[in-house]
């Protein structure tokens, strides 16, 4: 086992099953996160650069040094159609590591979007391109190309562990990571979860209370809830 | 006097006078806050989930535990047409406590919107529903239903004291609380304040300086302001 | 030399050359910042109040006390067509120091926009007016007119030094300060930088990798990058 | 009812019963907060300026404007032996509003300490005086004396509602507010709570597990906890 | 593979080799982190509750729900002599989840300390006990015992991945995680690194410049550094 | 005029008059800041790494790239007895850029301390050495030596402009910058300010109110202060 995760590019990635990824694309981040047992979410400080941005693809992970986007160029070569670049940084950093040129390159490689625990720039162009990006900041601050990081090693991005090949789903509510090995299972669970949402919504719209629909009155009483006037 | 505000639901709320609430709906949050003597604002970290969101209604207050939205279901039953749910949490928490199902239920009860010192999710759906929400975060993070809080007790929400029945006005500039007892008085003051804004705006647009319109030159000089070249 | 920068208004400002300002208006903030050697950026917490806001003009600087917007009225008189008000505060403060009345007055004076290291309000009106503002917060919180600051002294605004007359360029990516004395030089450098972007974009869109286009493979290898399977 | 809480000094305060205050001084903040049902805590960003600082006294409340400590001088006159000054600000502000001169004056009036949702300075002197202060910041930033606030009105300080006369207890763990009307009741509850802590501590020190001492195994099993190897 | 990491307690943990742990105890966190190639650090917001706190032991991981410390009681039973409890939370939370009673229990089990990405309380008592704790906050806020988390699953704590059995080293500079499989290798590297520090220190104290000692003059010149007068 | 401040080392610095520096060493940061008219303070997030740390010396400025401490080695050579290294970063960064080896080197050069808008490490050793450091963070995170910054150019450090040769005074209350040209004048003003503090303290200790000592009753009444019972 090598002690050092820096300075390496892993070319072989076992990507999640394409059929499972395609199914997951139909569900919202909140549903998938709930379906997996409320795990796998990145922290909510990651926000889309434009409303309605949506990504569902397989992760190519990138580990970068603060103020340095060299490895994003290295990562471009590893991207395949259907991939999502997931960029973690060795420390908190808001610099604008990604802009419209890299987006053009990533798209040419077939990448679907970017999730980055750092900053991005050229957001007007990225929006015009409809290239979806979820970032911790928008910043014009330029970066250097001087220090090695890695590509396709396991990373912690915005508080969540991401292994190369995992499914990344991102929408207005945030970003969730689905481990490749359970992508199909998570899609099943999300489907089951959403199946009866329409029915619930109709009942609630008709005035049925969640208290009754979810049978909460008895457990609330047992927990000691008191009604007073 | 009971020491403990947790675990109770107060069913009787003296809501602010409807006529006063209707009048307050015509004024901006900044004007109302100024009219009341610059008090009553919630902290500016509360932001609307979509531009143009607007609420003016009477508060049903909810006190919740972090990571737990059980009391929102209890609160639904206490909502009446014209109410606004105001959710405070016993500690800072960004979890997504509210989504489109609860919004459907709240709307069915006649609620006009939500002010929550925590997170929300399903923001795409909430926006499509045009259900106005002011929150501290957007987060897909799910919550449990395990611990009691309270409904319709006085709460501190985003730094402001809210009593059930108070008027809550929220727009792009923030959220202000108008105590029920002074709602009419606040509406009068806001109306007086806005009455001469059109006149001021016209003067300023014509090139009159605020220095002259507000007669500031003398007090500035007395305060010691020096002009140099 | 006077020790105290507070309580003075400097009426004479050497503004950057108009032709240079006009040229800088054609470039993005990121390009200008890069062209100047990656300096001059304000911190990324300054954000536009509406997407697409853009400013390029000469700075009239204002130094204010927290919770006090008196000097903004003093500054209005010093604004000339093509100016941008740049407001620094003696301490971190989010209060809503600027709204639609001041915007009306500033516009009547010919000002192009506002950059403020504090809060603003009436954002709905400001957006309707298409008056571009970059601020650290949106807040309805009102301010007093009681304490002197200064106009047209050097200020540090959001981490960047601004001298009166400097060029301020702001767009979706942030705010950059171009010292008046190098405005022409910065425009030249930005033009040179953007000149070959179209070519680069075309190559990247065609699938050429940055690794090859920027000849990075050799320096990466020298730095020790290892490819593994 | 007056709409405006600014610009008034209430001279008559109903302070909590002295005997109850004296009893509360024997308990930790955590115990009192638990004894009251987990309410009344100020936010944890308030920190003591030196380790071991402790306060237990009755609140004289002060509402100030950011960057302005005028009302602290007004408040000094309202302080009586056994009081604690509790300073809230109309907006977030870190300026150094309080230093060794005010501490000398407050102590001369019999005040026991200060809780301030703003900054303080002269911390070396305050520490030498052993004048306990809990603040949100330490800052040398000076303040003006230009804008009115109020003394002895209800305030929200660091997220907690404080009425004049309430008991304030502060130690290394934070600051808790005990409403005057329930001071005796809270002291009883805290005493009851601490009574069996020694016994619990002895058991735990002897190796008894909380799982057994608190009889948690059955509820954990019911909740679905699974042990795996 | 199970999708859900919540609600389970893994009793079997492969702990890092004791000899390696003992060796790592002699090195500082900064040295170990450097020796591993600058990886494995938790974020710097984790701070010791008293100066000089030091921990070196094997991780028992705990995943908790915000505002809920139930799993800490479950974890106590899994602690063995030489262990360190490492507590991650499913969301950002500052509540005081740990105090002197749990510390007494943990110590009785042989635990050496606590690393917690949440808050703690009773810090006066914990300091008196010299029970080392590294936390993100100090808060008197009490917690409930209502929702399951897990023990001895992989967790992300303060931005770092921790597997049960990994070595945790914490000192005034922060907290580092050494994967169990490379504990010996990391100790070797740290030893090598510290071996020549005394020599370097002596040279620097004698006035030798790092520029010369590290032979930086040539690379600096190549990078383009210019000396001007 | 050169557009680019990066990559240069200015060897010639006009340092503030030594006699003035020596006088300023007798005054607190708060007094000096007040004496200069309430300007020149760095932001209060800079904190000493140990209580009682004190610095008064002339600035050698350093501008660094995030995660890169190369220029600190370059700066060492420019330090003279009585200097203080003042480190600004091109972006917010908490990495541990400075430790005991650099402190040994800086001290050998005669430097009195460090003010750094980034992180430091080896705080236990620095404290043992009594080498005073004011930083924004403590972090074990290591840095690279790859990217040029500058030495002895004007920098903005923690919100304050610092020119090489300016006087830097730092104590428990924060850090203040005194421009070299007004060092004597600032010392005079600080001396005048402190001269009557002892008298004021004595009066306040004797029970005289600030309201009377500062003759505030009349202006408060004019401002509209109302006393009520």
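For clarity, chains are labelled A, B, C, D, E and F in written order, and residue numbers in each chain start from 1.
Throughout what follows, a residue touches a chain if its C-beta (ideal position, glycine included) is under 8 Å from a C-beta of that chain, and two chains touch if they have at least 3 such contacts.
Remember, predicted model here, so these are calculated numbers, not experimental data.
Student: Strictly by the touch rule at the top, which chains does chain B share as contacts with chain C?
Tutor: Under the touch definition, chain B and chain C have A, D as mutual neighbours.
Student: Between copies chain A and chain C, are the contact residues mostly the same numbers or mostly different, with half as the line?
Tutor: Homomeric contact, different residues on each side for the most part.
Student: Which chain pair shares more contacting C-beta pairs: A-B, or A-F?
Tutor: A-B
Student: Could you put a whole-Å number on the gap between the CA centroids of chain B and chain E?
Tutor: 42
Student: From the mean C-alpha coordinate of chain D to that of chain E, what's the distance rounded to whole Å?
Tutor: Each chain's C-alpha centroid was found; their separation is 32 Å.
Student: For chain F, jot down the residues that touch at least 2 other chains.
Tutor: Answer for chain F, listing residues that touch two or more other chains: 38, 90, 92, 94, 139, 141, 147.
Student: Which pairs of chains touch each other in this structure?
Tutor: All touching pairs, sorted by chain label, are A-B, A-C, A-E, A-F, B-C, B-D, B-E, C-D, C-F, D-E, D-F, E-F.
Student: Please name which positions on chain D make contact with chain E in the complex.
Tutor: Residue positions touching the partner: 28-30, 33-34, 38, 41, 44, 47, 51-52, 171-174, 176, 197, 200-201, 204-207, 209-211, 214, 216, 220, 223-229.
Student: Which chain E residues qualify as touching chain A in the complex?
Tutor: For chain E paired with chain A, touching residues are 1, 3-6, 36-39, 43, 90, 92, 154, 156, 159-161, 179, 181-182, 185-186, 189.
Student: What residues on chain C touch chain D, complex-wise?
Tutor: 65-68, 90-95, 139, 141, 144, 146-147
Student: Write out the stretch or stretches of chain C touching chain B in their complex.
Tutor: Its residues touching chain B are 7-12, 70, 73-74, 76-77, 94, 96, 99-102, 104-105, 107-109, 119, 121-124, 127, 137-142, 145, 147-148.
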